[in-house]
Structure formats: C-alpha cells, structure tokens
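Notes to accompany the following structure.
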Amino acid sequence: MTEVTAAPDWSADEMMTVAASRALRDGAVCFVGIGLPSTAANLARRTTAPGLVLVYESGTIGAKPDYLPLSIGDGILADTADSVVSVPEIFNYWLQPGRIDVGFLGAAQLDRYGNINTTVIGGDYANPKVRLPGAGGAPEIAASCREVIVVVRQSKRTFVDRVDFVTSVGFGAGPGDRERYGLRGGGPRTVITDLGVMEPDPVSCELTLTRLHPGVTVEQVREATGWEIAVADDLGTTEPPTPAELTILRELEKTKGGKR
Amino acid sequence: MTEVTAAPDWSADEMMTVAASRALRDGAVCFVGIGLPSTAANLARRTTAPGLVLVYESGTIGAKPDYLPLSIGDGILADTADSVVSVPEIFNYWLQPGRIDVGFLGAAQLDRYGNINTTVIGGDYANPKVRLPGAGGAPEIAASCREVIVVVRQSKRTFVDRVDFVTSVGFGAGPGDRERYGLRGGGPRTVITDLGVMEPDPVSCELTLTRLHPGVTVEQVREATGWEIAVADDLGTTEPPTPAELTILRELEKTKGGKR
Amino acid sequence: MAEIVPLADAVSELVRDGDTVAMEGFTHLIPFAAGHEIIRQRRRDLTLVRMTPDVIYDQLIGAGCARKLVFSWGGNPGVGSLHRFRDAVQNSWPVPLEIEEHSHAGMANRYVAGAAGLPFAVLRGYTGTDLAEQTETIKPITCPFTGEVLTAVPALRPDVAVVHAQRADRDGNVQMWGITGVQKEAVLASSRSLVTVEEVVDTLEPLPGAVVLPSWVVTKVSVAPNGAHPSYAQGYSVRDNEYYQAWDAISRDRDSFQRWLDESVFATAASA
Amino acid sequence: MAEIVPLADAVSELVRDGDTVAMEGFTHLIPFAAGHEIIRQRRRDLTLVRMTPDVIYDQLIGAGCARKLVFSWGGNPGVGSLHRFRDAVQNSWPVPLEIEEHSHAGMANRYVAGAAGLPFAVLRGYTGTDLAEQTETIKPITCPFTGEVLTAVPALRPDVAVVHAQRADRDGNVQMWGITGVQKEAVLASSRSLVTVEEVVDTLEPLPGAVVLPSWVVTKVSVAPNGAHPSYAQGYSVRDNEYYQAWDAISRDRDSFQRWLDESVFATAASA
C-alpha cells in the first residue's frame, strides 16, 4: 500500500471515480447512467476491465465510445454499439429479465438501507421544497440488475437516515423487503463516495463503512453521514489511484462530449 | 356487360382471383396470406389498385414483389418492403390496433355466418378425422382488420352450415356476437368463390349470394353450399376478366417463386 | 398518406388547445423547431407527455403552454435542473402544472400499449417505491397463470405525436436512424402525428439501424432543417452542448427566460 | 460469451432428452442442419415449440424425437399438409404427440413475455374462437384501468432455442438480416441457445435491417454453411421450392419417410 502524504496529487472525486471503476469485473455487463457512472465505466474499460459491456438506457448495447459521452444518447454510443435497440426494448428485453450484471446509480439522497431519492426533497410530494428530476431508469435498474453500485459524494444532506421519497429501492426497511417486493436483482452491493466505501451488512442490510479512501478518517465519514454509521471490524483503506489510472482518467475528462 | 358464350377463355379460378383483386380499393392497406390472397393482391397492384399497401405476417410492410412469392416469407418481400419488422411487432403494432384496412383469408370450412375453420374436421379436437394446419395469423386478422375478404373454392364440403371448429370468427352465431366478443374489426365483408360473391345480410349477418360469376347459375351455388343460402333480390353478375387482367394474372402465375 | 406542409401550417392544423401532445426524441432527434412553433402559436392547456422533459419542455412550460406534464425524468442532461419546470411545480409560475410521474420503464411501456392498441401494459416495476403511491396510473395486476403480482400502467394515447427524423421521401414515408428511442411507439400510439425532417429526398436508401414509418401512419411531414437543435440529428448535426449549458443561466430567472422567449421564439418565424 | 464449436458438439451439450426446444425461423433462416443433428443424436421426449412447425418439425416428429408440440400453424407452406405431423396427431405414429395450439399472435406474445422476463403477455386475441376452450394456456384478463377483458397467454421459457443466422464474429456476436421473425425473442426467452451460422467473419459490418444478438446472450455458435436449406439465408442462398414439393411425396408414406431418414440424416454427418 502506498503511504499517503499530506497533499496527494489526486482529488477526492478522482479517488471516487477510480474506486468505482475498480468495482467493475472484466466481462461484466453494466447498465450505465450519465455522469460519474459513465466516467467510471469508461475508465474501467481502459484499465482493469477491457471486456466490460456498456449498456445505456438510450438503447445502445455494447457501446465502445472513444471519448466520454456527455449524455446517455450521444451519437458516439450508437456509432460504436454492437446493437442499437428501441427504448422499450432496452427496458423490457435487456434490463427487466435480469440480464444486466451491474447497475450504476447516483443519488440526491441515500439512506441507511441504500434506498435512493431523486424525486423531491422536503415538504410533501405535491408541494416539495426542491423538485428533483425524478425516476428515469433508476427504479427498474435498482430492481433488476444482479447488483447495484451507487456512486455519490458523501454529506449529511445526501446521506440521510430515511430518504424523503423512495424513488429506487435498496433494501427497503431492512432484511426481507426486496423479496417481499418481488425484486429479483440483488440490490446495492457497494456505495462508493469521495470518502470511502460502504457495503450492506449481510444480516441487517444496513450500509456499513468497510473502506476509507487514503487520508480520510472514520470521524470525517461520521460527520458526513446522517445516521450512526456502523464501521466494519476489518475496516480497510482503498489503494490510491495509480499514475496510470490518473493519466487515463484525466485524458478521458478532457474528451468529454467529443472535445479533443 | 359482356355476353358469355359456351366456352370462356378463362377458368373459374381465374375469375375468382380477378374478382378478389377488384375488391381491393386503391390505397388500402392489405394483410395478405399466401396463395390466392397473395395472387389477388399482387394482381390488384398491377391493375386497379397500384397504391395498394401489402403487409405480410412475416413482418414485411409495403412489400412490392416483382414476382409472385411462394411463401409469406420469400426474400423478395423483405427486399422490396418499406419496412421489415419482427413477427411480434407485425401482430402487436400493426395488426392488433386496427391499422389494417383489409384482411384476406382462405378457409377449409366456412359457415353461414362467415366463421372459418382451419383446425380440425370431423371427430373431436383430440381425435380429429382430419388435422388441418391450424390458426396461424387468421384469428387476429379476422378480429382486427377493418374488413375481411374470404377467398375460397365453393363446395358442400367447404361451405357448411356450422364449422366443426371456429378458428377465426366471422359473425359468430349471428348479430351482436362480434361486439359481445369485443372484436373491433368489421368482420367478413365479402366471400369470393369460383362461383360467385356472397355478402353478409346487414340485418341477419347471414352470407347471402349477391353476384354470380358469368355462366354460373343460382342452382350451382345452392348445390355447392351446405345450407339454404339466401339470394339477394338484386342478384348481379360479375364482369368477366378483361384481357388485360388475364394477361397480367397469367404472367404473374408464371413467375411464382421467382421463376422467369 | 402523410401530407408535406410548412411547419406553421402543420402545427396549426394538428395541435389544438387542450390537446395531449407527445414530443419524443431520446437525447437525439428532439423536435425543438416544432416545440418553438407551438409556443409561437400560443397553444394553451396542453397535457405534455415525454419521457425526458428536458430543455424542450422547460421552454414550453415556461411559456405557459402546459397544464399537465406526464413524464419520467425532468432534468437538463449533463447540466442539472430544469428551472422553468421547477418554478412551475414549486411556484405555479406562469400557471400551475399538474404532474403525472412514472419511471422510464413505465412510460416506455405505456407507449407500447398505446401503439399496440391495448388498454394497459404489464411490467416489473415500481414495487417498493413511493411513486406507486403518488401516481394513480400505477396499479397491481396478478398473473392468471402463476399468481405473481406485477405492475400495470395504462396505455398512452396522445392526440398528437411530434417527432423529428432525418428524412422523408416525397410520399411522406419517414426514415430515422441512430438512437430512435420511443418515437415509433409515440407516433403509433397517437391519433395524429407530425414529423419534422432534415430534408425530403426522392428515395429512402436503406441504412443500418434505420426505422421507417410508412406514410400511412403519419399525418403531416414538415421540412425543418436543423429542427432538432440544440439536440442533434445523426448524420446531419452534432449536439450543441454549449446551448444546454447556456440554458441553465437563461432559464434560472423569469426575466431572462422571458427575454429569450421574445427574442428567440416570438421574433422569429418557422424556417419552412 | 458464446463459444464457437462444431454443430454435433453443440447439440450434444445443449439439447437433452425431455427438453423444451424452440427452433425458430419464419420461412427464412430455418435451422434445418441443427434439426437433422438432433434427429441424428436420437433425442427423445422433446417438447418442440415453433410458430410454424413446417417441414423441419415434420422431420423431427416423424423421427420420434417429440412428445409434445407447441405451435400455431403446422403446414408445408405453399404445398399442403404435414403428413408426419398428421400421422402423429391422428394415429400416434411413431409415438403419441400431445399438442398445445395457439395463434401466431399468441405464440409471438408468449415469446415476447419470455424475452421480457414476464410470466404472461396480454393481447386482443382468441375471443369467440374454439381454441380458447381447447388450450389451457389461454385465459381472460381484466384491464385494471378500463375493466375491459382481454386475453392472457403465459410466457414461453424454452430450455434451449435453436436459430440460424447469416454470420457471427469470432467473439460469437451474431448478425441476421432479412425477415428475422421471432428469433431474437426465442433466444432471449430460452435458458440456453444455439445459433448456426453461414460463416464466421472478423467484423460484423452494419447492414440495413440487421439484428445483432450480442455474444453474451448466446450459448454456442456453430458453423453450418447452407444450414437453413431447404429454407434460405438472405444474401447466401435462395429457397429450394422443389424440396418442399418433394417433401410431400417423401413424407406421405411411413416407409419412404424412413428411407429418407436413413439416407439423408443417419447416413450423413454434420458438416462442421
């Protein structure tokens, strides 16, 4: 393990993206949302998982973009895909039956059971304090993928005890809820933030801090979490980004939307 | 009207096909089965209905074959179609919603209410005397097209009082049955045989002889029909095939399956 | 058979006050030119249907064309929030906006049911979410063979669908390619349809991945070159990412939005 | 990822006695070579699923491979009846054949439900027909929004799907074009799949109308040039209409069928 000195040459966001890219097994089929998930998945294709299959909800299956798309429907995705199908088909034939190994989600709010809110914050549904974009593909990604990885910056505003609105189900109110709801995917396996990594406790399903990114303390995580977060006995530390990972990631970011 | 002499220079089958072709309005969208319907529709495209849109259940929409296909899935249909869609799509998006003007069906048995049997004859379903091919696309063609044209050779074996098995619904047991079953298409509008033309009575829905082909008598039709067939007061006579129709039809038949 | 007419005429004939209008295009081929024409013709009380009411519906909502939005994701893709949409939901400005909210899978299946002439569609979706409680058009349904409980959503049957495509031929057959989203379903589900195209050509050469809408399921075709801008038309244009970013500032404030409306929509005429 | 193996090995590994097997191809791309290999390996007690059990299933049924047939149209297209199918249904020769009979629309939707991971599909179909009374897998279902009664059919979930395609690449991605029928749905609905192809190529060039099955949803690919004969593979071969006509005489009589089996199937080996 690299010893971390005072000023690492990478940012917390870069650490988060690199950690997310490493969570992707080579050859896995990955349903990718835009933003961090897409960056992480495209980084993985260039580092640890060259055989990763990228599926975007725009209907592009096996997209191999040579730059970072800015939307889930950039032309480069259709141009490089093995197959482009309609939006109904991508949800009905590809996501719903459980063919996708990994779903990659973000969150405006995330709670201790990995439930996700991207709909409304504060007030009630009819009169919200903040109206968010809504569900998109997330509820069915959360329901149907073999496993879900959540990538999100950690703060008390985001990591709440109970989400204001369940847009996408993690473990509901705890053990057994996914089965009760008839959800066939495995639910959140990993939550990766700018501070560390959380995984659901195998018994309680509560998100438990299992790894800190280099230089981050448990105290920092506690302060950025809206519930008393459990900490794993064998708490680990993430390997810092390698120079190769950083170089490729920064190159990728520069190409966003096709700029070169 | 042409006067018919002893030996016309056309066969009863040719008269039937020509009459069927004339029943197709220019610009109509026509769901075509193989055999006589396909011949009639392709004849119509070359004579009275150049703008006829041919849809085959193989998924070929707007096919413009330059010879007579031998099956509903000949390559020429895909090659010349405006669009080739999957078999589920042709049934779900194109036939089921009632977009098709005319459905063209054959029959092994046909009864006085225009119900069609292509499943089993004699015995019972589990132990039939004759096992026929079955339903194919016919039940939903009969249910959903704005109107149905049946083309079939007339005989007591085929024209029965009650079909042994209802594969495709005409008017069921009489007035109101289509509505009761929730069928949204109009049902059989015309039955065209080698002897003449039958149409459902607007009140009783019973097939009524409305036209004789040249040289055919009412008595011949009665002898070829398994029920007491009603005869229209204004019984007409079909115009015989024109030389142009015959020439084009015979040319077409020669090209069946792409032979030239 | 589809008639080829100028865009202003097509909108005037096909889109009426109070209509349910589905403008589709999933990131690609978004019918912005037609949307601006609807604003220009000052349509009111529309029920706007769209999976991703991004910038195009932010503009229509801000212009006061809509009384209701049926949708599954309302954001400015790659940028952030839709400020006009938020202002309407949170503050009823310029008019109150009723919402009917679904997931992408639900919306896609609602179009499928509409295109297929069925009253509803079945999917695995919504279970355990709070959406199922807020949206009346989400109901359980039991499989008659297995007893399993799934989710039903009702068909979408818009009065008019508006989409953009790359080309049409002179008979009004329409061809689009690249990411074709839910446009075929939207057109087939709707009573009427308007397709804007980059150009009209003599012959639609078959292309990989192309979807063809036969003329007999399209009501009107209008030529609107670059009519998907700031989104794109594969083979004709690229996405104008700067426009999406600039929209954030323009739309954040009611006055700057109003200025944009006056200058960029009302002061201009449809180009075809 | 799909493995590219000889046809005899693929059939031996993927098709087991008692399996439910769907061999699809709607007039075009019918997997005859794979069918003959299944006969050659003397599989028994198969439940054969196919919308149009034409000559290919007449051969499998006559060879005694099947105990049940799930289908919607059993004829020799353009020629007439299937004599081996008739003999099995009417006289239980060579073994009794149970049948489960649907319409095309019903079968297509059963595959769609299977591909979509749903237990059933909804359609407008069967009402008023006698099929609805004979077939247990046809049931009414009520729309939870409108109260309208429609028809439900259960998903097809075959153990193995067998289809023929024009090409695969070396990674096992499969490409087919022309009339592609219900093959995508059949492959996606099944637990395992075998695709025979005309050839393996380095790169699958995009083609108009092409359907691509990614390698990760295909189990095995086998090279079987002309493997759709007597049906055809668009771009590679044309339909052998004489074979279909000749089949009428061959299949009419048990002895001549048996001779055909011995000479044309058992005495030959899979070509790849």
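Letters A, B, C and D mark the chains as written, and numbering starts fresh at 1 in each.
Methods note: a residue touches a chain if its C-beta (ideal position, glycine included) is under 8 Å from a C-beta of that chain, and two chains touch if they have at least 3 such contacts.
In UniProt terms, the chains line up like this: A, B = 3-oxoadipate--succinyl-CoA transferase subunit B; C, D = 3-oxoadipate--succinyl-CoA transferase subunit A.
None of the values given here were measured: they were computed from a predicted structure.
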Partner chains that chain C and chain D have in common: A, B
Starting at chain A, fewest touch steps before arriving at chain B: 2
Which of B-C and B-D has more C-beta contact pairs: B-D
Centre distance in Å when chain A and chain C are each reduced to the mean of their C-alpha atoms: 28
Between chain A and chain D, centroid-to-centroid distance (C-alpha), Å: 41
Chain A residues counted as touching two or more neighbouring chains: 92, 96, 144, 184
Junction residues of chain D - those touching two or more other chains: 117-118, 123-124, 148, 150, 184-185, 209
Arrangement of touching chains [line / ring / star / complete / other]: other
Pairs of chains satisfying the touch condition: A-C, A-D, B-C, B-D, C-D
Complex interface listing, chain D residues touching chain C: 117-124, 137, 139-141, 143-146, 148, 150, 152, 154, 206-210
Contacting residues of chain D [partner chain A, same complex]: 1, 115-118, 173, 184-185, 188, 211-214, 216-217
Complex contact set, residues of chain B against chain D: 34-35, 57-60, 70-75, 77-79, 84, 86-88, 91-92, 95-96, 119, 125, 127-140, 143-144, 165-169, 172, 177-178, 181-184, 257-258
Chain A-touching residues of chain C, taken from the complex the two chains share: 26-28, 51-52, 71-75, 77-78, 81-82, 85-86, 89-90, 101-105, 108-109, 111-112, 123-131, 134, 148-150, 178-182, 184-185, 209, 232, 234, 238-239, 241
Residues of chain B touching chain C in the complex: 27, 29, 53, 61-62, 82-83, 92-93, 96-99, 144, 184
